[in-house]
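For reference, the structure is listed below as structure tokens.
Chain lettering (A, B and C) follows the sequence in which the chains are written, and residue indices restart at 1 in each chain.
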Amino acid sequence: MSLRRPALVLALFLAFCGTASAEEETVSIGLVAPLTGDQAYIGIGVMQGAQMAVEEANIRGPVFGNAKLKLVPLDDQHNPTQAVLAANKLVSDPDVVAVVGHFNSSCTKPASAIYHEGRMAQVTPASTNPQISKQGFDTFFRLCATDDVQAPAAADFARSKLGAANIVILDDQTTYGKGLADEFEKYFKAAGGNVLRRDGITQGEKDFTPLLTKVKSVKPELIFYGGVYPELALLLKQSAKVGLTAPWMGGDGIYDPSLVRLAGPKLTEGIYSTMLGVDPHELPTAKDFVARYEARYGEIGSFSAYAYDSTNVLIEAIRRAGKKDREAILAEVRKTKDFPGILGPVNFNADGDAVGKSVGIFRVEGGKFKFLEEVKPKS
Amino acid sequence: MFGALRYHLGKSPLLQVAVYLGPFVLFPILDRNAYHVDVLTNVAIYVILAMGLNVVIGFAGLLNLGYAAFFAIGAYTYALLNLHTGCPFWAGLPAAGTVAMLFGFLIAVPSIRVRGDYLAITTLGFGEIVRILFNNLDTWTGGPNGLLGIDRPTFFGYRFSVSPVPYFYLALVLAAVIAYLLFRLSDSKIGRALVAIREDELAAKCMGVPALRIKLYAFGLSSFIAGLAGAVFASKQTIVTPDSFDFVLSVLILAMVVLGGMGNIWGSALGALVLGTLPEILRGFAGYRMLIFGLLMILMMIFRPQGMLGGALIRRELRPRHREPRDGPA
Amino acid sequence: MSAALELFLQQLFNGLTIGMVYALIALGYTMVYGVIQLINFAHGEVFMVGAFLGLSVLLAFGSLWAAAPLVVVLAAVFVVSVAGSAALGAAIERVAYKPLRGSPKLTALITSIGVSFFLQNAVMLIFGSKEQSVPDVLPPVFFQLGPVSLSLVQLVIFAVSLAFMVSLTWFVKNTRPGKAMRALAEDPDAARLMGISVDAMIRMTFVLGSALAAVAGSLFSLYYGSVNFHDGYLAGLKAFTAAVFGGIGSIPGAMLGGVLLGVFEALGAGYISSEWKDVFAFVLLGGVLIFKPSGLLGENLPEKV
């Protein structure tokens, strides 16, 4: 929808009222996530986290001069093409100076090329695929841990703590899912484990009974799934129909209360999951944010806190840059040092990855994800 | 005064193209909003696709429900050539058209003998097969994540960037050229043969029209056009993923041709303009998109099957052939 | 019995299960095509609506269904979905296809695509675009049939589908309206001369086909545990493949085609790869249409001069 008409009316109105804010400068931060479709729940959680950061900043006062921060949320429907279209839109918008996004690695990766072309700082709160930061884009930053921390943590846990020796690995063929599964396989085998079968599903597919029957026939001790929660819910339901009872394990993509909502507490009982960082409910620095978020929006999304920190890193960079200029703001993001995020201090390394982000291991018990232990990155 | 203008327009396709498409050249200059230009660029690509599909549906009377597949083949051809051999856009463009055309022939040869409604389903099946192939052959096509980092075109040293403006002109010029060529075709021997086949294939064959061959040409040409559009699309997006080329897109292009008037070149362009801009104007109604298209097709077929600009000939062909006799006392 | 053979039989039964569902849907396509030579694109959506109606019944019951006997719950699901879909099928025929009788087939085909899209979108607007979880009404109870373990769901599917298919066959063979329908399919003019009401017969064909599709929809949603507005498109296309494969216009052909397609799909997914499952169906479709349009049990309908 064109913003010109309402903007014009608003401008006239303000002029008429003679409000003192002569020429407020709009400084926009883009936010791209899956806002519709099956991952909408988690995407909207990301958007709301970012929204809170922007609103709180505006209440504190202008970041510089008479700048007013604005969040521009766009929907990429976890679709790489839509992601690129959204990135195009943001880069073409002169008001947008930086972006928090995207959520899925399959979207963040192609979009990062566009932001690089547009010289716009991009911070992703959730994309874990390690390849994205290796593309050599100086505009790319990441606030969460990567799969080369998540995968070995998961593999190690499965091998030593769960004692699993013969397993099956499935993935959803996306950049994230396949990447995570590949990494997990590598580390699991290195730890002496045996992968009985490696198979893939397509996102949006429905009939998994032949596949699950196949899996059942090899009698795995554990099934590792690289993918997101909507498909896992279907897999769980159909596993019960086929009589497959092996325990499941997944990565951060399945860590969402929606999994329990879709598949029910009975089928999800005992599922293991890694997640980036620990539960924000437990962190003293995050408790306040969680309370504020839940008072306003209800149940907190798994990545809302990450989005909040990502947005605040950008806001701080905008404040230090002191002007509405993408290159200047980009330079300030690079210089981020010990930024006090609610999930811990934020520092970026040369590739744009966050330093010191850990991974947590969880287990679903009674319909809730229960924290088991934390795994710190080796470096 | 207008009488004279209409007379000259009717005589010269070149003039028509200049008069109807010429003014759009000014659009990016008058409207600086990048978003608006982007929408019209997409419309221009739709125009090319609709005109291409019209060759098969409107000229030849063959229902192709898998048109998106040829669009996809063109896009992926350019993408693969570019990513593997560094092939520049201007070479990739004809290559994309040619490869799509070859697949058009491939599909047409066995199916062209098939009955009308069966042909529709066969082409639909082909469309789905192509999409699934692109989705599953990940080592070659990148799977569901697609192919990224496709090069943008360079024009005499000027490299296209994120801005849609150069793409707009590219698509506009391409559409103009294709429109002109299609007008020349419709007025030629082949064009008239196509109409004869569409009206009554058996009669045409009896009169010596090499129906099979002509239908093949029509299929090949329409696929070629889709391939060209695909290359332009790929170079604009810099990424191609299989889900951009689904059945919904095939139906959308069909709706554009039907709405504008089957068989009418400017009709297809008009249909593309209307259905391409409608979703943007009705942003709030995004969820109702398919509902409206569906309703549109139903109403069109019942009340005005010749579309907006379709002529009397098409109307006669599409109307019920005879009135069904009423049931007598049971 | 070797493990490999066990696996094969298990996959076979998986295929038979989904094959019965395809067969039920295919019957609708074949009957309509037999009577008015129309590929009813919207039939897949009637199937999908049936599934959603069944889901609505289950959701309406709420926690009650845990207490109510299984038979009552299933009966309610079937009754509501059949009634709803049958009404929908009749409405579609009246509104979209009847005005076009006598028009070239392509016109009606385009209309049916329009109806399909309209319905898909309508359901999406009502229920949302996400996958809807279906309550697990049937407990995961398993029965051992030799080396194969069948779930309760699968048994229900077999039993219900078989019952409906047998009923339909009996209806078409032995009752007056059934015979009238067959007469209409064979020779519409002669049928009219014999005093058969064409309008009523066509309507009945749609109603019957839609009812079967609704049953298929409810069974489908119970089997997979979830429904989505897009399910009708794929299932519809596959069922149409099955109908053509078995011989379009032939009722036993549709049943045979459905079951065979289900089995081939399951074996293909089990032994080759589940990714290519859908391609298999489409390639079969193309092959049959191009090389043997009469299918397995059908007759060749030549185009008249």
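Just a few scattered comments:
What we mean here is this: contacts are C-beta pairs under 8 Å (C-beta built on N, C-alpha and C of every residue); 3 or more make two chains touch, one makes a residue touch a chain.
None of these values were measured; they are calculated from a predicted model.
With every chain reduced to the mean of its CA atoms, the largest distance from chain B is reached by A. Across the assembly, the chain pair joined by the most C-beta contact pairs is B-C. For this pair, chain A with chain B, the centres built from the Cα atoms lie 38 Å apart.
Centroids of chain B and chain C (each the mean of its C-alpha atoms) stand 33 Å apart.
The set of chain A residues that touch two or more partner chains comprises 202. Residues of chain B found to touch two or more other chains are 136. For chain C, the set of residues touching two or more other chains reads 275. Chain A meets chain C in the complex at residues 36-38, 40, 199-202, 205-211, 213-214, 217, 230, 233-234, 237-238, 240-243, 261-264. Contact residues of chain A toward chain B in the complex are 1-2, 4, 79-81, 84-85, 88-89, 91-93, 106, 109-110, 113-114, 117-118, 173-175, 202-203. Across the interface of their complex, chain C is touched by residues 61, 63, 65, 110-111, 114-118, 120-122, 124-126, 128-129, 132-133, 136, 202, 247, 251, 254, 258, 287-291, 293-298, 301-302, 305, 317-325, 327-330 of chain B. Residues 33-36, 38, 135-136, 138, 143-146, 148-149, 161-164, 237-241, 243-244, 283-284 of chain B are the ones touching chain A in the complex. Looking at the complex, you find that chain C touches chain A at residues 3, 6-7, 10-11, 14-15, 18, 129-131, 133, 136, 140, 142, 149, 151, 153, 223-226, 228, 231, 234, 265-266, 269-270, 273-275, 277.
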